[in-house]
């Protein structure tokens, strides 16, 4: 896990390091014939090691489909390819290479906090003893100290999300995919979790790809914001966020933040209107 | 610590109290009202009769218990295996599952006579009947329990690179356990019924045998004693299953 | 017709679950095939190994016997069906009523439940001799047995179903000024339908079995009585014929209920 390359932060232009993840002309279509649906079209994206990229777009724009493809659960259509560390990945090759956190916490009700957190490690083959030790060491960072023996139904929504996040971080992979992890939380908890996530990210030095529907969240968290269009989902624009790190809570009202937001808002609204207004879902 | 279920003593005290109350009421009503002892004997008479045939009763309970237990365990094991097989191998399910359903509408207890011919007038024939009655609900529930697993959880495990075997043992099977447990509770009652009816077709020892004998001699107090005994046996079996369930499957099904 | 957005999002899920309304033919074809294969194999095995009739008769022999003895079998199966269905209907009525009463009066439920559980612990068949002594050998005793068996299943299932609505929904109705009775009628009963129908499916099969078993201990007529008599007379072909007829009858009843299930609980 390398530290962010300073050159990569400059924005446009080829960077000298090999991107951790590279999507080239990625498409995804479902079904065929007249009822075919194109969920993702012509996506080109590069993610450098150590970056925190946020992805924003209207509902149904294919963000989750894209994630499923990066996670190896869905193969990309033949037109394009996904490369990890420069190597093109065949169907299913990405399974187990990326640490994936879907929207729901998906905790197993019969496992306590620690055992839920070590699920991925168990699958990997790490001994339970060793895995549990690692998890216990991480508990304080995730605000779960003292809760190791608790079961999901005894935890609040925010705590369950943190267990799921712990599970995601324990699975030691370079790339982490977070699909709207804070979507179900109330605004106050969400703000705290965002700051806490940035802290964890800098501490553990992973590369993060983060989906959100909240523009403030996208700008606050990311090194780069990628705006996706309405279906068929493609990348409408990418904007590097030059705000200094570590990001303080007050940054959301700063001039720099607001001007970035102004630029992006227009793009995001435009795509949202497409989904909301005229689009006829019936076929 | 695992979440504590309600204190077991409290769960027992209230029903116990009600049952004692019922017992007293029985005694009073039977003695007070002018009902023939032939129809509704007082509890004390019933208990006395039960005490009188104590040794035989004990032997019968043991015999019926063994038949029930064996039939249940075999039926449950077979049922779980079948349920898993049907859930994992879809073509198998399509081919055999309908037959399973049909087999349950056959009043198997009526088979008793034939089962005796095939398996002799031994414990085995009762075990077979108990087995037959148990495995179907267990199969159905195992099957539906395994199919009801949250597909997103399966995807999550796949994303972590889990093999099919890991997905089965760490997710599918545990997730199906609560549903299986429901079937097991039902199965143990059915096994008992199967054992008793099996004994009706010809046997020398057993609660079913004693029931028939009491019927032919029209000894109502003995019948009531037997009913109570059967109830106690049924309740104990059910309780054992419930306790095991509490320890192994204490979580409620997936939200 | 499908919503495209939903399709794209859940393509994965849908492909896995393979839901869809199969036609009646698709539903019954696998069953018919399996049955045909089973009966065919059975017939061949009996013929090839020259299995004795009293061990395992061939399906053809059983069918012949059924045709031969049809008048007797028909009367018997109708008598048994009569007992089973009467008991079934009464059992539903009692079970449903009791469940509603218990839900409307929680103190009663707390007091009565242990009693009901205790009675339920006794395997139903243990009550048969008592029923025969009290009510004689006629159909009344059989109907009583069926009522006991069915009402319990219905009671327990319906109770669970009536209690299903969440507190939120109940409070919503209370905020609209609904009385307990109104809540029962408008919210609880519809919510309990799936459980009730489930109980009915289990109950109908039990009804037939209990009726037959009760007849075996003593009756004037009925399939169970035929089976018992045939066993006494060591006429096993007749036993098989009676079993075949009762199985078909049970299956018809069960299918009827599956149909009711689909019609009544269409929103499942």
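Chains here go by letter, A, B and C, matching the order in which they are written, and residues are numbered from 1 within each.
Going forward, a residue touches a chain if its C-beta (ideal position, glycine included) is under 8 Å from a C-beta of that chain, and two chains touch if they have at least 3 such contacts.
Quantities reported herein were computed from a predicted structural model and do not represent experimental measurements.
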item: A-B against B-C, pair bridged by the larger set of C-beta contacts; value: B-C
item: Reference chain C; chain at largest CA-centroid distance; value: A
item: Chain A and chain B, separation of their C-alpha mean positions in angstrom; value: 50
item: Distance from the mean Cα position of chain C to that of chain B, given in whole angstrom; value: 18
item: Set of chain A residues in contact with two or more other chains; value: 68, 73
item: Touching two or more other chains - residues of chain C; value: 12
item: Contacts with 2+ other chains: residues of chain B; value: 155
item: Chain B residues touching chain C - in the complex, by the definition given at the top; value: 14-15, 18-19, 22, 39, 94-96, 98-99, 101-102, 104-111, 113-114, 117-118, 151, 155, 189, 192-193, 196-197, 200-201, 207-208, 211-212, 214-215, 218, 220, 223-224, 226-228, 230-232, 234-235, 238
item: Of chain B, residues touching chain A in the complex; value: 1-3, 150, 152-153, 155-162, 166, 170-171, 174-175, 177, 251-255
item: Chain B-facing residues of chain A, complex; value: 68, 71-73, 95-98, 100, 102, 104, 106, 108-110, 119-120, 122-124, 149, 151, 153-154, 171
item: Of chain C, residues touching chain B in the complex; value: 12-13, 16-17, 30-31, 33-35, 38, 54-55, 110-111, 113-115, 117-119, 121-130, 132-134, 205, 208-209, 212-213, 216-217, 223-224, 227, 231, 236, 239-240, 242-243, 246-247, 250-251, 254
